[in-house]
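Each structure below is given as C-alpha cells.
The same subunit A turns up in both complexes below, where it pairs with subunit B and then with subunit C.
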Partner chain A sequence: MVKSIAQKEFLSALRDARFLALSVIVLLLLLAATVVGLHSYYTLQHEREMAQEEVNHHFANSADRHPHRMAHYGSFAFRPKSSLSFLDFGLDSFTGTSLFLEAHKQNSSNFSQAQQSSSLIRFGEMTVAFILQMLIPLLIIFLCYGAFTQEKETGTLQLMLSQGVSLRQISWAKVAGYSQIVALVVAPALFLVSLLLFSQSGFNLNADLLLRLLLFIGAYLVYFFIFIVLSVVVSALNKRSSTALISLLGIWILSCIILPKAAANLGANLYTTPTKAQLDADVHDEVAQSINGHNSADERAAAFKKQLLVKYGVGSLEQLPVNADGLVMAASEAQSSQVYQKHFNRLTGIFQKQNRIAEYLGLLNPYLAVRHFSMSMAGSDFAHYVHYQKVAEKYRYNLAQTLNHIQATQVKYQDKTTRLSNATWKQIPPFRYSSPGVGWALKNQINSIIALLFWLFLVVVTGFKLIDKTKIV
Partner chain B sequence: MEFVLEAKHLRKEYQDKLALKGLDLQIKPGEIFCLLGQNGAGKSTTINLFLGFIQPTSGAAFINGLEVTRNITKVKEFLAYIPENVMLYPNLTGLENLALFSSLAGYDYQEAEITDYLVRAGLPADAVKRRVSGYSKGMRQKVGIAIAVAKHAKVLLLDEPTSGLDPKASNEFSELLLQLSAQGTAIFMATHDIFRAKEVGTRVGIMREGELVDVLGTTDLNANELEKLYLNYMH
Partner chain C sequence: MNKFRTIIKYEWLNFRADKGLLLITLLTLITGLYGIYYGTTEISRQRQHLANLSKITAHDVENMKVQFPGEADAGDVGYYHSTFAVNHPDSWASLSLGQRDINPYYIKLRLLNLQSQLYDSDNINPLKVFTGNFDLAFVLIYLFPLFIIGLSFNVFSIEKEQGTLPLLLSQPINLSLIVAAKLSFRAFIVLGLAVLLSLTGMFWAQVVPDSRIVLWLGAIVLYCLFWFAVIFLVAALQKSSAFNAITLLGIWLLLTMVIPALLNVYVALKKPVPQALALTIKQREVVHGGWDKPKEETMNKFFSLYPQWRDTTQIKERFVWRWYYAFQHLGDVAVADLAKDYQNRLKERQQLVENLNVLSVPVNVQGMLNALTGTDLLAHLAFMQSATRYHDALREFYYPFLFNQVAFTHNDYAKEPQHSFTSTPQISLVWSGYYKLALSFLFTFIVGLFIFKIRFLNLK
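For the complex of A and B:
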C-alpha cells in the first residue's frame, strides 16, 4: 500500500518536466560545486603546504644569529585546509590562513580569502553545503507543497481514502516517495564527493575522515527528511496548493534567511566584542605591567635579577651559571604570554557566546543546527579555527622559550655579539598541525545534534498527529 | 444480510446549518437507489457520512451491517466511490492509475487483468497505456468505474457521476451500472438527472433541505410524472 503510493509519487515527479528540469539544475549545481570546491581546496592546500615548507626551510637555514634575534625573526604557522572543507567552506574564507609567530607577541591570523577577494564573497559562496542547506529545501518545497492540497483539489484524496487507506499511511507513503526523489538528486553528488575524497588517498580509508563524511551526510539526510515531513504536513493543513506553497516559502525565508541574520545580530548585541584598537590597547597596558626584557631600567626585571642572585647564592649576575638575560626574557615571555592568553580567551569566549545564541536558536530552526554541524564536520567552524590558533600559540610560546633557553645556556651574560649557526635552528622541530578528531568535533556539536533530533521528533510525532486531524471534505 | 447500506436517524449539523435531518434509509444488494435534490440539499453530505469523511451529529450509517464511524477502515472493504469528476493522476496512464487504486484496496492485479477491467468499463484499448492527462471526462469516469469493479465492492456510492458527460457516455455509464446491479452490487447514486434516475434506478428518493421527503419505486410512475413530482417538492 505504502509502496504503491510512494512509487506513484516517484513516477509522477519523474514525468513532471518542470520538476525534472529543476532537479537537473540543482544536481548540476551540486556537481559543479563539488568539482570547483575540490579544485579550490587543492589550490589553497598546495599553496599553504608550499608556504609552510618555505618558511620552515628559511628558519632552519637562517644565517648565524643571536638566539633572541632569532626569536624576533620568528616563523609562520599556516593553517592546513581540512580534507572536507571543500564541502563546506564555513568560516575558512573569513578567518586568516597564517599566523606570524614571534617573541613577546601573539599576532592575529592574517590573509583571509575575504580580505583578498571582492565584497561579493560576503554574499556567500556556491559550495556543496550552500546547495544542501538552501537550495535542496527549496526543491523539496516545490516537490511537496501539493502533496495533499493537489489531492484535495482534484478529489483524488477522497478516492484514495475510499479504497481503505488511512491519512497516516498516505502521509508516510508520500514522505517515502519524496525521499526517493530527493535521494535521486543528492546521491550522485554525494557519491562523487566520496569518490573524489577517497581517491586522493588511493582509497586508503582514514577512519576519522570517513566518520566525518558519514556524519556530514547523515545530518543532511535528517535535515532533508525534516523538510519533507514539514512540507507534507503544511500541505495537509492547507486546502489550496497556493496557500501551502506560500506558507512553505515563508518558512524557508524565515529559516534560511531571516533567523540566521537575526541570530547573528542578537549574539553581537548581547555579547559585544571589543574593537581591535581597544583590545590592543588593553593588552599593551597590561603587558607594560610585566617584566620587560628589553628595557635595562625596568624595575621588575631588576627585581627578578636580584631574586636570581639570591637563588643561586652569588654576588653578581656575571657569576651566575646561566645567562640572566635569557632567564629575564623567559620570565618576560611567560608573563606577556599569560596576558595575551587571557585576552585571547576573553575574546574567543565572547565569540563562543555569540555562536551559542545561534546554536540554541537551532531549536527554533533546523537550518541553523545543520549549518553548525556541517561546518564542524567539515572542520571549518569557529571551534576548529580556535583549535588551530591554540596549537599555533603553544608552538610560538615553546619556540620563544626554547630560544630563551638557548640564550640562557649557550650565550654569556650581556653578550650581544655571539652568533649561533643554523645547526642550532635545525634542531627545533617545525610547526605541524593536525585537525582534532571527530570525537572532539562532536563534543562541540551537542546542541546542534539535540536540535536536529528535536525537530525530527517534532515533525514526525506532532506533524503526523496534525495530519490525522485533517479535514477530508 | 438484508441491507448492505443503511442509515438510522442520520443527522449532520454544521455551526450555521442543518445539513441532514435524521435520514432513515435501507438499500438491499442489487438495488439502485437514486437520490434527487438541488445543490445543497444534503446528497453529498449523505455520501460523505457513508464514506466516513465526516462524522454524524447523531444517528448512524451502516455498510454491510458495520457502523461506519466505529469501523472506518473495515467498511471501506465493502464500498467503492465514484465522485462527480474522477480526476485520477494525470502523469500516470489509465493502467497505472487502476493498478495503484487496486493495490490500495489490497488487489495486486497483473497487467492483462487491469487492461481487461478498463476495457470492460468501456475504455478504448489503445487508451489504456496513455497518460490520463489526455483523457476526456467520460474516459476518466470509466476508469472510475473500473476502479470500483476491480474492488469487487458490495456497495457503490456515486456522487453525480453523469454530470457533464455526453449522452452516449452517459448511456454507456448507465449500462455499466445495470450490469453491476445485476451482479448484486447495491448502488447509491446522488444525481440531478431525473431521467437517468428513472432509467436505471430501482427506487428514487427526493431530498430537500436535508430531508428525504419522498421515496418512490421507478415502476410506479413515468419520467414525466417523476419530474412533475420533483418540481412540486422543490417549490
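For the complex of A and C:
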C-alpha cells in the first residue's frame, strides 16, 4: 500500500503537464547555470592567472634595483577562484581580486566584480546554488502543497484510512514519492556537474575536491528533504489546497527573501564597521609610535642603532658586520605589520559578528544555513576570503623581510645606490595560493550543520507528530 | 457608477473581515517603514563618516606640523600628507541606496600617482553587500508585487471556487464592471500604501522637494499598475486560484531574479573588463621604472606636458622631489588610455543594461530610482572624474612649491584645495525608463484585455 501511494504520487506528477513544464525549465536553468558558471570560472581564473604570471615575470626579470626599492616595488596577489566556486559564486563577486603587496603597508583588495557592474548584479547571479536554494524549494512547494488537501477535498483520505494504513504511513509514502521526483529533476544536473568536474583537465581533482562536492550535494539533499516534509506537513494541517499553497509560499518569501536581507542589515546596524579612512588614521598614529625606517631623525631608530653597537661591541655603525639600515627596516616592518594585523583582525572580527546574526538565524531558517554551508564548500564564503587575505599578508611580510635581510647582508650601511641584479630576485618564490582543506572549511560550519540537522529533526519528529493529530475531514 | 460603488463597498467589508489580508497589508507597511529607517540610517552614517574625514585631515595636518615644525619641503608634505575626495549623497539617496554601499564614497589622496589610489575600496563586509540593501526601493520593487499578488491572485477565481459567480452573473451588471471594481479597490489600497510610504520616506529623509517627487511617485504608481495589469492578464485566463498564485509568483521570480541574473551573465560575457588588472599592473611598472630612467629623459617628457616649469633648475642630485613627482605623474599619463578605456567600458556596461532592461520591468524601475537618487554606477563614475580633477588641482597647488623650490609653511596647509562632490541625479535616464515602463504596462494591459474579451465573452 505504502509503495503504491509513493508510486501514485510519482506517476501523477509525471503526468501533470504543468509540473513537467516547470521541471524542464528548472532543469534547463540548472544546466545553463552550470555552463555559465564554468565559463565565468575559466574567464576569471585565466585573467587572474595571467595577471599573476605577468607580475611574477616582472619581478623575476626586474631591472637592477636596490633591495629596498624592490620592497616598495612589491608584488601582487590576485585571488584565484576556488575550483568549486563555479557552482556557487558566493561572495566572490563582492570581494576584491587584486591586492598590491608592498613594504610598510597593507593595502585593500580592489576591483570586485560588483564594483564593475551596474545595480543589475544586486538582483542576484545565475548560479547552480541560486537554483538549488531558491527555485527547487518552489518546485517542491508546487509539487507537495496538495499532498493531503487534495485527498481531503476529494474525500479519498478517508477511503485510504479505511484500508488500514495510518496517517503516518501515508505521509511517509508521499514523502518518498515526492523525493523520487525531486531526485529525477536534480540528478541529471548534478550528474553533469560531476562529469564536467571529472572530465575537465583544468581541475586538479583530488580527495579534497571530491569531498567538498559530496558535502555540497549532501547538504542540498537534506535541504530539499526538509522542504518536502515541511510542505507535506503544512498540507496536512490545512483543509484547502489554496490555503496550504499560500502558507507555503508565504514561508518561502519570508525565509528566502525577507529574513536573509533583514539579518545582514541588522548585523551591520548592530556592529558598526569603521571606515578605511579611520582605520588607516588609527594605524598611522600607532605606527608613528614605533621605529621608522625612513626617518633618520627618529629617536627609536637611534636607540635601536645604539643597541646594535652594544650588541656587536663596535664603535660605529660602519664597523658593524651587517648593514644597520636593513635591520632598522626589518624592525620597523615587524612593528608596523603587527599594528596592521591587529586592526585587520579587529575589522574581520566586526564582520564576523555581523555575519553571525545570519548564521544563528539559520536555526530559524534552513535557507540561511544551506546558503552558508554551500558557499563554504564552494570556497567562496567570507572565511575563505579572510584566509586568502591572511596568506597574502604573510607573503607580503616575508617578502619585505627577505628584502630587508638582503639589504642587511649584501648592501653597505648608508648605501642607497648599489643595485642588485635580478639573479637575487629570482630566488624569491612568487605568491602562490591554494584553498584550505575541507576540514578547515567544516570547522567554520558547525552552526549551519547544527541548523540543518535541527531542521531535519524538527520536520521528521515534530512534523509527523502534527500530522498524526490532523483532522481527517 | 452606483453599482461600481456598491461593489467597492462590499469589497471593503470583505477586506476588513479578512484577517489574512489585513496581516499582509500590515506586514507590507512595517517592512516599508523598516526600509525607510534602514535607508536613512545608512545614509546618515555615510554623512557622519564623511564629516569625520575633515577631522581626520585636520588631525593629519596637526601631525604634519609636529613632524615638520619649521618650514617643510613641499615634497615631504605631498608624500606624507593625505586628503580626501568626498562623494556626498544626494538628499534622495536614502530612498534608494543603489551602488553607494559597494563603491567607495571617498578616496584618500596623496600627491603620488593617482591611478594607484583611485580604486582603493572602503571596508566592506562582502556578505552584507551580497545580501543587498533593505531600502525603500527594495520594498517597493520586490515586495510590493508580492503584496499585490497576495491581495489579488484570486480576485476572480475565488468567486468561481466559492460558487458565488453564477449569483453575480445573474445580477444585471456587466462582468467587466465587477472585475474593474474589484481590481480598482485593490489598486486603491496598494497605491495608497505605496504613495504613503514614499511620502513618509521623503519626509523622513528630508529630501530636497523638487520635481523628483512627481517623478518618483509617477514611477511607483506606474510600476504598481504594471503589476495589476499582470494580475488582470492572469485572471483573464480564468484558472484556479492555485494556478494563479503559482503563475504570478513564477512571473515575479522571472522578472526579479531569473531574467536579471541572465542579463548579468550576458553583460559580463559581452563586455568583460580586463582593463582593471591591466592598468593596475602597468601603472606600477611605469612608476617604479621611473627610478631607473635617466632623470633628463623623465624631466623632458614631463616638461613637454608642463612647459611652464621647463626653465627651472636642472637636476644634478641623486634624489629630488620634483623629479619624483614628475615620474609619478608620468605613470598616470602612461595608463591614461587604459584608465579611460576602463571608465568607458563601465559606461558601456551600464548602457547595455539600459538597452536590455526592457526585458525586466523591475530592473528598469530599479535603474530609474537609482538614477533619480544619484546612487548608480554613473554617479560613481562622475565622482571618480571629479576626484581626478581634484588630484589635478592638488598637483597644480604643489608644483609651484616644488619647481620654484619655495618652502612650505604651516600657513600653506590651509591653502590646499579642498574637494566636495555631491552625486547628481540622471533625470534623462529616468525619462527613458518611463517610456519603457509605460510601454510594458500598456502591452501587458492590452494583452490582458484581449484574453479577457475572448474568455469572458465565452463565459456569458
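Definition applied: the second predicted complex is superposed on the first by the 468 of 473 C-alpha atoms of A that agree within 3 Å, B and C clash if a C-alpha of one lies under 4 Å from a C-alpha of the other, contacts with A are read in each partner's own complex, and residues count from 1 in each chain.
Here is the rule we use: a contact is a pair of C-beta atoms (placed from the backbone, for glycine too) under 8 Å apart; a residue touches a chain by one contact, two chains touch by 3 or more.
Remember, predicted model here, so these are calculated numbers, not experimental data.
With the two structures laid over each other on chain A, which partner does A:165 touch: subunit B (first), subunit C (second), both, or neither?
first
Touch check for A:322: first (subunit B), second (subunit C), both, or neither?
Once the two structures are laid over each other on A, A:322 reaches no partner at all.
Which partner reaches more residues of subunit A, subunit B or subunit C?
Answer, by number of touched residues of subunit A: C.
Have a look at where A:428 lands relative to subunit B and subunit C in the superposition and call it first, second, both or neither.
After superposing on A, A:428 lies clear of both subunit B and subunit C.
Just to be sure I read the superposition right, which of the two partners does A:31 touch: subunit B = first, subunit C = second, or both, or neither?
After superposition on chain A, A:31 lies in contact with neither partner.
Answer with first, second, both or neither: which of subunit B and subunit C does A:192 touch in the superposed model?
The answer is neither, since A:192 touches no partner chain.
Do subunit B and subunit C touch any of the same residues on subunit A, and if so, which?
Of subunit A, no residue contacts subunit B in one complex and subunit C in the other.
Hey, which residues of subunit A end up touching subunit C in the complex?
Touching subunit C: residues 18, 22, 29, 36, 39-40, 43, 47-48, 51, 54-55, 58, 63-65, 69, 72-74, 76, 78, 90-91, 93-98, 100, 107-126, 130, 134-135, 138, 142, 145-146, 241-242, 245-246, 249, 253, 257-258, 260-265, 267-269, 272-281, 284-285, 288, 347, 351, 354-355, 358, 382, 385, 416-417 of subunit A.
Given the complex with subunit A, which residues does subunit C contribute to the contact?
Subunit C residues touching subunit A: 20, 31, 34, 38, 41, 45, 49, 52-53, 56, 59-60, 63, 84, 98-99, 102-104, 106, 108, 116, 119-134, 138, 142-143, 146, 150, 154, 161, 240-243, 245-246, 249-250, 253, 256-258, 260-265, 267-269, 272-274, 276-278, 280-281, 284-285, 288-289, 291-292, 318, 346, 349-350, 353, 362-363, 366-367, 370, 376-377.
Give every residue of subunit B touching subunit A within the complex, in rising order.
Residues in contact with subunit A: 48, 51, 53-54, 73, 76-77, 79-81, 83, 85-89, 91-92, 96, 99-101, 103-106, 131, 144, 147, 151, 157.
Can you check the complex and tell me which residues of subunit A touch subunit B?
Where subunit A meets subunit B, its residues are 1, 4-5, 8, 11-12, 15-16, 154-156, 158-166, 472-473.
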